[in-house]
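Naming follows writing order (A, B and C), and every chain is counted from residue 1.
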Amino acid sequence: MLYRVIDAQELPALVRAFMESYEVVAPVKRGSGYVFRAVDDPADIALSYTMTDSSVKKYLLPPDEPLMRFDARTNLVEDFHEEVTPRVLFGLHACDINAINRLDLVFRDGAYPDPYYCARREATLVVGISCMPGDHCFCQLWGSDEVQFGYDLFFQDIGGKYLVSISSVTAANILESACNPREATDEDRIEFRHATRRRQAAFNPDIPRIEDVSMLMDAFHKDPFWDELGGRCLSCTACSAVCPTCYCFDITDELDPDGAHGVRKRVWDSCTNPSFATVAGGHNFRPTGRERVRHRMYHKLNGFMATHDRMLCVGCGRCVDACKANINPIEVLKFFEKKGLEDVE
Amino acid sequence: MNATLIASECEARTQPRVVVAGLASCFGCQLQITNAEAHLLEVLGQIDLRYWQLVSSEPLPDEYDVAVIEGAVTTDEAVRTVRELRAKAKAVIAIGACAVTGGVPGMAAAGFDDRVAGTFAGAVPSACGTMRAPKPVSDYIDVDFTVRCCPIDSYDFIRVLQSALYGSNHIEADRTMCGDCKRRENECFYKQGTLCLGLVTRAACGARCVNLGRPCNGCAGLSPDANLEAARATCTAAGVDPNRFDEALQMFNQAALIAAADAARKEAE
Amino acid sequence: MSNNRYGASIDVPAWREQPRPATGAELMAQNAYRPWPARITSIKELTAHEKLFEFRLIDDRLRDAFHHEPGQFVEVSVFGVGEVPISITSSPTKQGFIELCIRRTGAVTEVLHEMQCGDIVGLRGPFGRGFPVDKMRGNDILVVAGGLGIAPVRSLINYIHDERADFGKVTIVYGSRTPSDIMFRDQFEMWRHRRDFDLHLTVDHPDDDWDGAVGVVTEPMKTLDINPRNTYGAVCGPPVMYRFVVAQMRRMGISYDRIYMSFERHMKCGMGKCGHCQIGHQYVCIDGPVFNYWEAKNIQGSI
């Protein structure tokens, strides 16, 4: 990996350079929190945010996306929808880039690369930035506090300066043109080590570190804990709406008012949506909150691991804020911790 | 019921015959249909509109394929009307909170008989009809399709009407609304300690009120998976009195709450 | 490549540009969400609720490229109404068309049931992993199906029928609710008279004319004499059936990894993405719909 150092004051120039050819999406302050928005002015960017309310997945997998237009009378496809905006996702934390990497595993790889997702992903540059954890962050438990790939630039804050990891030619050219990147000194490297250690020491110690989470998800699959946890689910799907890795969707047809033409769309769906696992005829394979909440946690903490060798949770903590019934992976970790203590007694 | 094939069945004759009837309501939802101005003629072009209470004083015709019903059932006469509509129509669409949940008229349902007796002392004006506790249309007849909210969304109505005419495997959302707020990235009212009924209300509107900065008042009706107990706990945790939550629910969900209480009482017995 | 309003050049999605006439496989791969027009070429009424449709893809490149395994499914579209996953019930030995057995049970299937020969639907697929016919070759086969579960295994039975010399003893146990719910009666009649197919029909509720067995499918299974070491089981039916049938197969001595079953879920995308068909960590649409019992035991919530 190529590393350079720039001064913090050079960042607005870089953002403006991106703006010449791309829509720049970055964290901005909104009410009591932060959101990712398209920005026109580098001064609007709030880089010191802890966590945004929602992730950037909507720019790769929109909540409501037309796939194709059809003629309902002839049953034929008329046209395909494409809305691809070259975009820079600016100021993403490591967890969110790790989340994009997981979405890539589902939508870019395998037997069925998703043409819609791929078109957007190809047209997207990712610029990451280091961060300090908030109270609900537990990315370090799954190793998502660092990111090895999936970005074009990654900025490590080393006090008034950034150590920049450069991984794409496109981004390198823009960085060169807008800033004055220089070789890192020993001092920079030492400060980088300090910054990393400060981050690692700042995680909330009340969130238990549990080994073998995936194994435990299987072992305690029938535990009454899931009745309790799922029993308080509000069935609102806020968890998956804010989750940077939840990608489930529904495919649905919508007729134009004329009844002759229409559009086939995909819209975000969620396994915590009560009717999600219902089949024709009405049988629901996960009829209660217990099964739905457990399934969601299981896919996050075990299922994806079994098929892709990594968690589908990146520990961003957004669901901890979004779920009003306090259902989140931290609760699952606390349950496992309690079980561990019971065994000792 | 074979509503989904009405369009093809009717092709030979002419077009599916539709009637729009209004019961106890403000007629605002019928008005909302006209608010789809730009597309109204396109929609009317797909149907044979035989009767529209909002614009006509004629009696209901004898034959039709689709019955659109607005308003709550509040009289014996209305019960007869909805039963007649059900018997003659191949598909019944209930539109608006009044028809779907009992809505605002439904607020009067609790202790209805006593209150009528107390108010009129046995001399109910004949214009009122033979009154009974307001209830949603689905309490009396099978309803095939619903268009929720107070008022309905014009385009929602078109979409549901088309589902009745042509069929659709789109199923009505049974999840509650907070997820839709998150998709829209609305700020949550509970973070400011403000009561909002999105916690238990069906996701039928895309969080329209909250998008406009107003808390949800529950006009889409309770989700069949509404978790009232968990919602009260959420209120308490956010510093909102759960009693206020229960009270607020009565505006659009009185009928459902009474039915649930009756069921619970029966089970206890 | 094209330029957008931001001036940056981007790769436009692959379906936009077709530099040369694509092969059927290439066409399908460009956008696997795209349903291709297929014509209904035959409709047979099977029961009051089920019809057998024959479809032919209109584009001959696609028709040539379409190859399926017994047990795989396609997504059938009626635009404006929606899309449904339906398992292919014809044998891969028959090329150029596919047969789908469709029960009238939802909005899309209701419209399909009203369609006529010559009407056009959208078709994409085939999707999923079917029965492992190559492994099964040379062995005895025990097929157990209930209700509409006959549809995917009929593809297997017909395949065996067409390649009969490659397989050993074939036993078919099929359970229906009532005699009038029995699908593919003609075919069962034919198999009944053949010595190389051992057929057992049973119904839950007999009528006056029924002279066959009454009861659940596990009853006739108990009378079977099979050699578990060279028998493969194939199971498909309503959700409640699996546990009892596989337990009976285990009692008969058939190994976990020789019992294959096809699961029903709502596969919406067919490509392991939308999540609707997930069971535990598996996607029925790509990892299944056919799993062996060992795999199924390792999927939380499968049976």
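Criterion: contacts are C-beta pairs under 8 Å (C-beta built on N, C-alpha and C of every residue); 3 or more make two chains touch, one makes a residue touch a chain.
All figures in this text were calculated on a predicted structure; none of them were measured in a lab.
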Farthest chain (mean CA position) relative to chain C = B
Of all the chains, which has the CA centre nearest the overall CA centre?
-> A
Using mean CA coordinates as chain centres, what's the chain A-chain C distance in Å?
-> 36
Distance from chain C to chain B - Cα centre to Cα centre, in angstrom = 40
Touching two or more other chains - residues of chain B = 162, 166, 168-170
Considering chain C alone, which of its residues make contact with at least two other chains?
-> 78, 80-84, 106
Listing for chain A: what residues touch at least two other chains?
-> 72, 252-253, 255, 259, 278
Would you tell me which residues of chain B are touching chain C in their complex?
-> 2, 4-5, 8, 162-163, 166-170
Can you list the residues on chain C that touch chain B in the complex?
-> 78, 80-84, 106-108, 110-111, 114
Chain A partner, complex, touching residues on chain C are 4, 6-8, 10-16, 30-35, 37, 77-84, 103, 105-106, 109, 119-122, 239, 264-266, 268-269, 271-276, 278-282, 286, 300-301
Across the complex, what residues on chain A touch chain C?
-> 20-23, 67-68, 70-72, 74-77, 80, 82, 84-86, 106-107, 110-112, 114-116, 118-119, 122-123, 218, 221, 247-253, 255, 259, 262, 264, 266, 269, 271, 276-281, 283, 285-286, 291, 295, 298-299, 302-307
Using the touch rule from the top, collect the residues of chain A that touch chain B in their complex.
-> 30-33, 35, 53-54, 63, 72, 231-242, 252-255, 257-259, 268, 270, 272-275, 278, 289, 322, 324-325
